[in-house]
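To keep things simple, chains are lettered A, B, C and D as they appear, and every chain counts its residues starting from 1.
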Amino acid sequence: MPASSRPPCTIRIQSEPFDIPAETARLTAGRTDIGGIVTFAGLCRDEGGRLKALELEHYPGMAEEEIARVAESALARWPLMGLTAIHRHGLIKPGEDIVLVIAASAHRRAAFEAADFMMDYLKTRAPFWKREHLLDGSTGGWVEAKAEDDAAAARW
Amino acid sequence: MPASSRPPCTIRIQSEPFDIPAETARLTAGRTDIGGIVTFAGLCRDEGGRLKALELEHYPGMAEEEIARVAESALARWPLMGLTAIHRHGLIKPGEDIVLVIAASAHRRAAFEAADFMMDYLKTRAPFWKREHLLDGSTGGWVEAKAEDDAAAARW
Amino acid sequence: MTKLVYFAWVRERVGKSDETVALPPGLVTVADLLAWQQTRGEEYAYAFEQSSVIRVALDRKHAPHDAPIAGAGEIAFFPPMTGG
Amino acid sequence: MTKLVYFAWVRERVGKSDETVALPPGLVTVADLLAWQQTRGEEYAYAFEQSSVIRVALDRKHAPHDAPIAGAGEIAFFPPMTGG
């Protein structure tokens, strides 16, 4: 692939689970110039057994657009050969995947940094909100944003 | 899993390809306390079409022991819930995987840092040496160690 | 007319997910709009009581509180994001 | 007797992957050992000509050039690693 062409970039918002090997294959198929692939999968935790599920509300019009803007920043900043970001919404059970970022590059440093950057920015800019559903059947509160996430995003 | 118990840690040196989804499943099976999984796959590049294959020589007695020592450092340094490192040896063709690191944790920062650290240390401490096999049938030279890899490892 | 949309606990407190309103003249910035929201009744007063924490998007783009709202067709109000 | 093992271009230059030798008395450190290797003939002189770049492992653990070699049963010599 000539260096000047645009690397494949996939952004999706969906309720169904995603297939990490299939998403990885989409980035690597037929290519022999990729040297490193960093994959981040964010999973729903049960918070010590307290949680039955997380409910993820999102802003349907904006979520995809905002993640695409974050991805554009990453593509402009690192020499990537492929970038994928998928974020689920709806009810997600402990152990299930919530979010996926895959960054491919010739060298590992760019792939690590781009994936890390994508997650920091997804956390603080993508319009998603988590609400807890508790094991006792009640609906818990909205998860509060963490100052450490803002601090992480401010690193870039 | 109680916080004090030892997280699952897999270290393997092998000539055959590895199965990333199977290795990930080994870390996550039956668990609902993992919040983030960072996976690094290092692939053989064709170096602009020049390369037929990379040959990876290793020190069979030491390679596994040294990677285990690096993994122990990572486990001591970050609150991990699982760590996997697999390194292949022998002839590896462009597009094939060479090395795999998977780090699982409750939070993404630990998973990112541990995977990044593992790769920096694998690069500079694991006894593997790459030799190029060229497309014209000749055996190229040994790949030279890069100063940037030493600099990357010195970050930690 | 301007479409206002609400998410998460802002939506719950306001009691609706969206509405289409005629904004009164004189609202220039996002901050003006947030101050106006507080005057629209008990549920709005509750939803916007700590207006400094409310995030606003103008036509699906994040906007700071000093941004002008002129021209926006869809204005969204929501708490800090907690996705990822 | 001590087993000496060689990897990558060190192995190629020495012309063997391992050998078992009686180390002469008086070799205290890794650096002493590297200096001695240079004296063992043309192929050793070539393999160890830039001894500062050669890495050494004592019983499968990396060792700096000022480390004492006493007690090591297997000593490995190789270029800087290029795995990963």
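Here are a few things to note about the model shown:
To be clear about the criterion, a contact is a pair of C-beta atoms (placed from the backbone, for glycine too) under 8 Å apart; a residue touches a chain by one contact, two chains touch by 3 or more.
None of the values given here were measured: they were computed from a predicted structure.
Each chain's centre was taken as the mean of its CA atoms, and the one lying most distant from chain A is D. Put simply, the C-alpha centre of chain A and that of chain D have 48 angstrom between them. Mean C-alpha positions place chain A and chain B at a centre distance of 22 Å. Chain centres here are Cα means. That of chain C falls 71 Å from that of chain D. Annotation for chain B: residues 42, 108, 119 touch two or more other chains. The multi-chain contact residues of chain C, meaning those touching 2 or more other chains, are 84.
Counting only pairs that meet the touch rule, the chains in contact are A-B, A-C, B-D. Those residues of chain B that touch chain A in the complex are listed here as 20-21, 24, 28, 31-46, 48, 94-95, 106, 108-109, 111-112, 115-116, 119, 152. The part of chain D that touches chain B in the complex is made up of residues 5, 7-9, 57, 60-62, 74, 76, 78-84. For chain B in complex with chain D, the touching residues are 42, 56-59, 61-62, 65-66, 87, 98-99, 119, 122-131, 142-145, 149.
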